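Scrolling down, you'll hit the structures one after another.
Two complexes are shown next, each including chain A; its partner changes from chain B in the first to chain C in the second.
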Partner chain A sequence: MIDQMEPVPKDTEYDLYFGPAHPGSGNFGVKLKIDGEIVTSARADPGYLHRGFEKLMEYRTPLQNAVLSDRLCVLEPLNWNLIHAEAVDNLMGIDVPERAKYIRVIMAELSRIQSHIIWYGVFSKGTGFDTGFKMAFGYRDYILDLFEMITGGRVYPAGYICPGGVRRDFPNGARDKILKVLDKMDEMIKLEELENPALDARAKGVGILKVEDAIRLGATGPVLRGSGMKTDVRKDEPYEIYDKLDFEVPVRKESDVYARYMIGIEEMKQSIKIVKQALEELPEGEVIASNLERPKVKVEIPEGEVYVRNEVARGEAAVYMVSDGGSKPYRCKIRGPDFLHMIPVLEYLLKGAQIADVPAIYWSLNICPADMDR
Partner chain B sequence: MATKETELLDEMKSKFKVDGKIQRERRIWVSTDEKKLMEMSNWLKDRGFVHLSAISVTDWLEEGNYELTYHLWSYNDKILVTLKIKIGRKNPAIDSVTPIWKESAQIHERELHELFGVKFKGNPDLSPLFLEDWERSPPFRKDFDWREYVREEFYDRENEREKVYYD
Partner chain C sequence: MKLGILPKLLQNLFSKPMTVRFPHESIPIPDGYRGEHAYDIDKCISCGLCAKICPNRAIEMVEASNEYKEKYPKTYPKIDLGKCCFCGLCEDICSKDAIKLTKNFFLSTFDDSNMVRYPISKLEEQRNS
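And then the complex of A and B:
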């Protein structure tokens, strides 16, 4: 009997499933093959959040899709609202009022700040610094309060940034409240920047992604900037009012987990700067193009196709929208930055890493399974 | 006025005999065919289009065609070139661009293989990505009716609360 059994594997080799039930993994899993302490291969296991948005959008009008686009990323719905709205605006040739453009940018940047705060929080948790996690989610709530006041929804704004502009103007007192919240964010950044030897030990020199590898693997956004490449869609191809704003693109040369983590903090500072500038220059006027004022108006999208790129908190997002002249988009391809970050980049970085470094590498990529699976 | 965009488009037109247009600043759309894909891709990659932003398929059901679009970004020129290629809808197959854009192309092609059933010749791994135990036709094709699928799989006509979905 005994010789019919499978050969006993080398006892240092085993499989480890990181996620989807891991507290820090999100709705996503990585199958790791491990030999002793070293990860010998990693295979991403996506699909737990696949809802088929690209197909769903083909059955709905742009104003319904604006609401749907919230769900593209749990952590930064406003940025995805914005990119969907821009695609429809471009296809339909809508002139977005100047005030709406400013409001869009303010909301997108606030959304970026809160997304980076979550990034800091989950990264802290992943590297064993639980206080950081609680701090982050506490401070994030200030921004959620703002969102509730302005859009009506704390996490999901229900298509606040819609084709043609934004759904409604800032309520009274929004400006003062935003400025107060930004002061709180400064406080948060100070806390994030406190010296933390444990973090340095976990992050420095770990998960090195050279710039040529980053480009080959399709990395964008903070991951690519952490590898020393200066690129940002907001600068390369300014949309909305980004060409009028003065901000820096943080870049770091170290290419490791620490570099990506620091990029996150630097970007928050830049976003605060952007919001302050935009508030300063916020013009008066309409917030939605007049032909779209009633959300229930039936719209026809002229025949055509556009490819719109935006910089969301995680990197380059894009929407490729094709219309055949009907009231619904014929095809809406969504390119999420995490589709590349969580499959090729993550698999590449985890291979050969220490098992203890897996969470640090994993969270340094600022991942969000929602926009990968779509 | 000769801009970067017109120069690039003219160069492509004379070199590959293709049709193209400049939609706006930083956007070039080029229609080509599958025979020229590899040659053009290689040339564009060498010219600085190192970032493959996305690959997409549009299913033109009435025409009986799949339209593949390759969206390429150049970090130096800051231009997005889109290559558009039409292939037949029946048994769609095309050469893989994995040798050129490596892993970033590989994963996009793997997704499209699953969702549209396009076979990318030369792609080393086209295993299913999102869907588990999927045996039907690729779900993103225009002739796949997801409402019908949901009724068949998940609802019960006899059930009082669910029979509304059958009216």
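And then the complex of A and C:
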């Protein structure tokens, strides 16, 4: 009788759609094939947040594009403003005033701190520590208040860092307020550094990305530094005033989720150091090049091409801009750091992981779908 | 077991919340906030630069209605707040300070016709008639 029985079909395999409308995934989806508790294969599913920036930029003048470049990443608009402005400055050969360079760096670093706080928040939320999420968004608001005072908008600065310099000078009392907010950020870092046994259990030894694999898959920024390679565009190819500033590049050898999480915290400390130094040395003077002081409807961009790379909170970002001599760029290619983090690196790390580790791995890569889909 | 978070927990039990009770109290809005536009038709010289610089093409130059055509014969900006991204370029480019961004950010509405600001507003028309 026994050999007549049919073998039981294997029903432990199924598909799991992680996102794009999942509270823990952002506007991005991953299709997971699962066997029991183990992910057998992962396939990233980009495109949910595509807005067509590269095409839109071909129809707008540089000043209008500066406003548009905010929207490249919701979490760090000022860093993207800076890259776009640098590309146009290079093409047009504009001498940016010294004070404007300092203000640009201060704003970009504040934006980086803010972005890392969100990273901490969403990572905490992904690993089930909801208090961390609430804490992060509470403390982020101090920086948003600062942005509101300086740029006029809380989240979107509307091209505050524009070709030629910055659109407005610091208002009165900005320096004291920035220092006050930095004290609050110190407080936040202390909270982040508190021992959390639940986090240690979720993060240590999970999602190991060896340095060879990280380089092969194209990881940059905090992900690569978390794998043990010392690299930072601010040090390797300094732009603006980064060569005059004293800061360190945090590196960790463990290569796991916990290492990347700690890199975020250490980078925040370095950013605070940079802002304090820049504020101390902030020179007086103009904040925008004299020929661009008033916005102009028609600005001629000389013929040529330029590739500018910067270190944003998520890794190495770049803008490749080609001009044919008109008032609008002929082509503007944007390299978002998350394209490689969210497709090859994520697929590689998720393969063979437990379902419960998926959010931890996913958020440890400091993911933002906005600059990947563009 | 390490419980470094416990002192913070106790502290939070007796501290004030980070948020404010919004309709009753609100955080102050700083000067230079980019909110709704204030437009002064008497300062405007109808140069149309605001319409040309607008990244979202939210500003359109339109003629005044028939009864005002004698007083205001040129074209004036009509602002569609639904398209506007509040970048403030129109304010920066205006050489006569006819357009200015104010601190008003209470712009949500159920009626989409409220989103369009005409150069001569309906209120003004009623007042003058």
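Points to keep in mind about this one:
Simple rule for what comes next: the second predicted complex is superposed on the first by the 364 of 374 C-alpha atoms of A that agree within 3 Å, B and C clash if a C-alpha of one lies under 4 Å from a C-alpha of the other, contacts with A are read in each partner's own complex, and residues count from 1 in each chain.
FYI, a residue touches a chain if its C-beta (ideal position, glycine included) is under 8 Å from a C-beta of that chain, and two chains touch if they have at least 3 such contacts.
This structure is a prediction, so every number in the text was calculated from the model and none was measured.
By the touch criterion defined above, A:A318 lies against chain B but remains apart from chain C after alignment on the C-alpha atoms of chain A. Of the two partner chains placed by the overlay, only chain B lies in contact with A:E237; chain C stays clear of it.
By the document's definition of touching, neither partner reaches A:D256: not chain B, not chain C. In the superposition on chain A, A:D89 makes contact with neither chain B nor chain C. In the superposed pair of complexes, A:R168 makes contact with chain C only, with no contact to chain B. Contacts of A:D357 after superposition on the shared chain: neither chain B nor chain C is touched. Once the two complexes are overlaid on the shared chain, A:E76 sits clear of chain B and of chain C alike.
Looking at the shared chain after the overlay, A:E109 reaches neither chain B nor chain C.
Residues 1-5, 8, 18-19, 27, 29-34, 49, 52-53, 55, 85-89, 92-93, 95, 101 of chain C touch chain A in their complex.
On the chain A side of its complex with chain C, the touching residues are 60, 63-64, 67-68, 131, 138, 141, 145, 148-149, 152-153, 156, 158-159, 167-168, 171, 191, 194-197, 294-295, 297. Chain B makes touch with chain A in their complex at residues 23, 26-27, 29, 50-54, 56, 58-59, 69, 71, 73, 75, 78, 80, 82, 101-104, 106-107, 111, 115, 129-132, 139-140, 146.
Chain A contributes residues 46-47, 50, 52, 54-55, 215-218, 220, 229, 231, 236-237, 305-307, 309, 316, 318, 320, 322, 330-331, 333, 335, 339-340, 343-344, 348, 373 to its touches with chain B in the complex.
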